[in-house]
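Right after this note come the structures.
Each of the next two complexes has chain A plus one other chain: chain B in the first, chain C in the second.
Up next, the complex of A and B:
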């Protein structure tokens, strides 16, 4: 058979294609498995949370913080359940990180709150005495980029069918719906709504004033993102 | 004698000499004699034996193949096809190779069908075993501890989980979280009166109402701002000072005349109780200072321990 193939270039090419296609299938098929689909309880990011994610990436938080809880007792005791692949379904790109100078943040929303993040970002050593994390004071004045976040939302909704404005199943059997604005004005409004809920739990008067005036400081977006990590 | 064998003997001698020389130098550096090294850790003797064996094997193999190249003539039959003028012998497969090939195929079938799916290492499996072992150990050693040891356990859990907000000395780090060395601050009392409190935490149906539901039985009217301030200070000062009458008229119905609470009705507001701490660990809390998340990750004993520790702080 091989002699014959060697004398017939066309069929040889077909055979090569088949072999490589088979190998490809073996690699590609698992991605369609249930395990890699969004885990129940995993919801897409809202506009404000995405803007916070951009702040997270912009400040290179992932250089020191991982977002990947490994299946070891010592880690699950500290951070909660080990990470599942489907939990990253809406992360583009995922932010696993490769180094833990600081703790893992995969589920930080479960055990830290808005006011803690506010204290901590302003002055990390005020709450964690031995911390070597720098303060991120500019986040309290810089404004979050809602426009880019909305652009990303539109893109992933269109090209990857991320379920915005659709019911997403939650762990307790209920459903929730993450809203995406029909246009930038509505996206801004939705982001501002979420931002004012967070600002209400914050103490910094400048941040509160900014949100009341329709502006969203980066810290608010970042805290929204942190709180969404569960 | 063939020149090849002569070279073989010469190179063998030189390489053995080099091995010996290296050994002597090493021995000199480490301040031991050669016999001491050989009689010490068996690994050293094995390594030297391996080095000597390598010398002999190398020379033997080289001589064998050089001899073969010198004497062999091509007398096999060639296959019919030629590839760009390069022919292929129609020799039988070497027996050793053929057997290994066959065994590899058999092993491959076993591995794909049984070996990998049934016996494969699983990280999650190992994790589950680890957790089971840990839980069994926990149950055996810690499930029944009480008193002082329970407080000690509570302190270590506190230092791992709670100190990030409440501080190492449990003082709440300058008002960033509740000060656990005292039961309650005036502003927290005030917040609870003004906004109500969710005592679903204690497993009841009726939460504490906000100020629009709090009557002062002494005056027969809703509680006033001045009364709120007075009673807040009164409670924060461990039930002393002005405001006692407001407390008796408004709060005592549920929290008891001494403020120690009533089971399934209202919590103790004079001192921490393990029950209260466990409820907050289970459900979290939102109050005057900020929000606290629930700590579901702790097991029941750990929550009890934290309760015991925090109760012990303000005693």
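Up next, the complex of A and C:
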């Protein structure tokens, strides 16, 4: 059979393809129906948080920070509850990372504050002596891209039925609603409202002034995203 | 005239040899910069605060991986295909104007794609998925380049004179099919300009931005099915294709066993795809997939070692060549690193080992003993073998080649030993508890302790880069000032003939 295949390239290629596609069919497809349901307490990202997530991705934070707490005592002691599949239901793309040069960030919102992040991003060694993380000074001047974040919200709401403007169940039995702007102006307004709350906790005068003038520096969006990770 | 040897046309092979060397230098240089940035963080702002955004570790890291994967390695794969393909199929590119056109178009679009990748990654345009960072417009360009590669392969096969496909061709076909399938499925994404709001407005934001078709755990599953097998079909399969051609050619020895090559080929094809799950151990993907990933990773030793043993036994009775020829040294040590790396990987895929190794520098070390020791050595060996035949010039300096071999070997050894120690140290410190059950170390303790190993790794990488520059110089001098030589004068006693 093999000799025959080696003389018939078309059938050879078909045979190779079947052999390599087999694993994907068995391993991946069956999981698709069930794995993406959100657990209770998981809400979609707000416009500003999503813009912050884009800042996180743009700077490849995931190259050094994971977002996956493994079920070991040493990890739950350090980072909190181990990760559940449904907690990632709104993560497109997933940001588990493959290397922990720095600590896991899956639940960083539980134990770091806006103030801490501001100092840390400006000068990591000022809060973590010995840190090898570089400073991210440009995030204090570059502006966050609210428009693209809004476009992404619209896309996921439309194509994947992500529940914006709909009640989402919370752990205490209540519900919450993550608002998405009906148009770009409202999306900007919502983002700015959330940004103002964060800027109020920050010290950098330029950032405060920018937000007061209706502009949102990348750092504000990033902190909004960090604070949402719980 | 029937028996006159064919005149092969290496125009396209030469073009890809050039990009192999250029992207190799760029990718490895960035790698060395990154290595030293981890050891000495002040290097992150080496070009000043104004450019810090572009010299920063995190911004450069995807550029390093993609430059060496899609630049250096893929160029090497293409360069060798446009050389090996003609010779084992007994047909010249010059015989088909169409295939020549496709080959050149393939090269031009490839260069455009590489340039787009470099600029977009520097600008921070990325999807964040490892080795699939490109946004949808570049994805489409990559698919076009890949289809052209496929047309080249199957076009040349279509007009071949040698009816039986040589082993190398099997592997090139598998490379084409495997990457095509994986890349398409992993990059399923929806451009966000399509998102419309309640009043029908659409087209907001950056037109190149997209959102993955898969969410969370599913996205991770598809990504590592891709990520692991991009390694398979980019770093293993086409490199095995190369060694099956170049080792017999250079040594004049016939392949040790046809049956072993059959077993390793079909075994590799079947087993490799399953092993992707070992990137997701202890994650939120279902347990049975993690276990399958572990088990198949162990089984993967068989076909991997099958190829490597086949190569080493090909040298049976001719081991004096290893001492005499630096080119054979590269290939034999390459096979050895392949064995080493394909044993190390499965060990790391065992759940209890993975609990310590995952997320640490040991993984980085594993990747690099594979790519530096196996992929890099084999591609350089291939180009060294091709150069006299393509440029019709004798290799400029064999002693330079030998010196390069030892410098790079030392570099690889420094690299993986330091990363072993770093990874296991960090993994053990993360999990250490004191007598009261509290964590023994804060995270930063596990970072500062790595400084000496990061420094050694940087030196190892630098040595490898120096060796690569020697390689580039040697090839350049071969082209420009080597002694003219005809193919018939070169040692080539292989049963494959010319």
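Just so we're on the same page, the second predicted complex is superposed on the first by the 194 of 230 C-alpha atoms of A that agree within 3 Å, B and C clash if a C-alpha of one lies under 4 Å from a C-alpha of the other, contacts with A are read in each partner's own complex, and residues count from 1 in each chain.
Rule of thumb we're sticking to: a residue touches a chain if its C-beta (ideal position, glycine included) is under 8 Å from a C-beta of that chain, and two chains touch if they have at least 3 such contacts.
All of these numbers come straight from a predicted model, not from anything done at the bench.
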In the overlay, answer first, second, both or neither for which of chain B and chain C A:73 touches. both
On the superposed three-chain arrangement, identify whether chain B or chain C touches more chain A residues. C
Is A:143 touching anything from chain B or chain C once the two structures are fitted on A? First, second, both or neither. neither
Of the two partner chains, chain B (first) and chain C (second), which one does A:201 touch, if any: first, second, both, or neither? first
For A:119, decide between first (touching chain B), second (touching chain C), both and neither. first
With the two complexes superposed on chain A, say which partner A:129 touches: chain B (first), chain C (second), both, or neither. both
Using the touch definition from the top, say if A:171 reaches chain B (first), chain C (second), both or neither. neither
Pick one for A:183: touches chain B only (first), chain C only (second), both, or neither. second
Taking the superposition on A as described, I'd like to know which of chain B and chain C A:111 touches: first, second, both or neither. first
On chain A, positions contacted by chain B and by chain C: 3, 71-73, 77-78, 128-129
Counting only contacts in the complex, chain B reaches chain A at residues 81, 123-124, 126-127, 130-131, 134, 160-161, 164-165, 168, 173-174, 176-177, 289-293, 295, 297
Touching residues on chain A, where the partner in the complex is chain C: 2-3, 6-7, 9, 12-13, 16-17, 19-24, 27-28, 31-32, 35-36, 57-64, 66, 68, 70-75, 77-78, 83-103, 128-138, 145, 147-160, 181-184
In the complex, the residues of chain A that touch chain B are 3, 71-73, 76-78, 80, 82, 110-116, 119, 126-129, 201
In their shared complex, chain A is touched by residues of chain C numbered 37-38, 41, 44-45, 49, 52-53, 56-59, 61-62, 124-130, 154, 157, 163-165, 170, 173-174, 177-178, 181, 185, 190, 192-199, 201-206, 209, 211-212, 214-223, 225, 262, 266, 269-270, 272-274, 276-277, 279, 282-286, 289, 292, 355, 358-361, 363-364, 430-433, 438-439, 443-444, 447-448
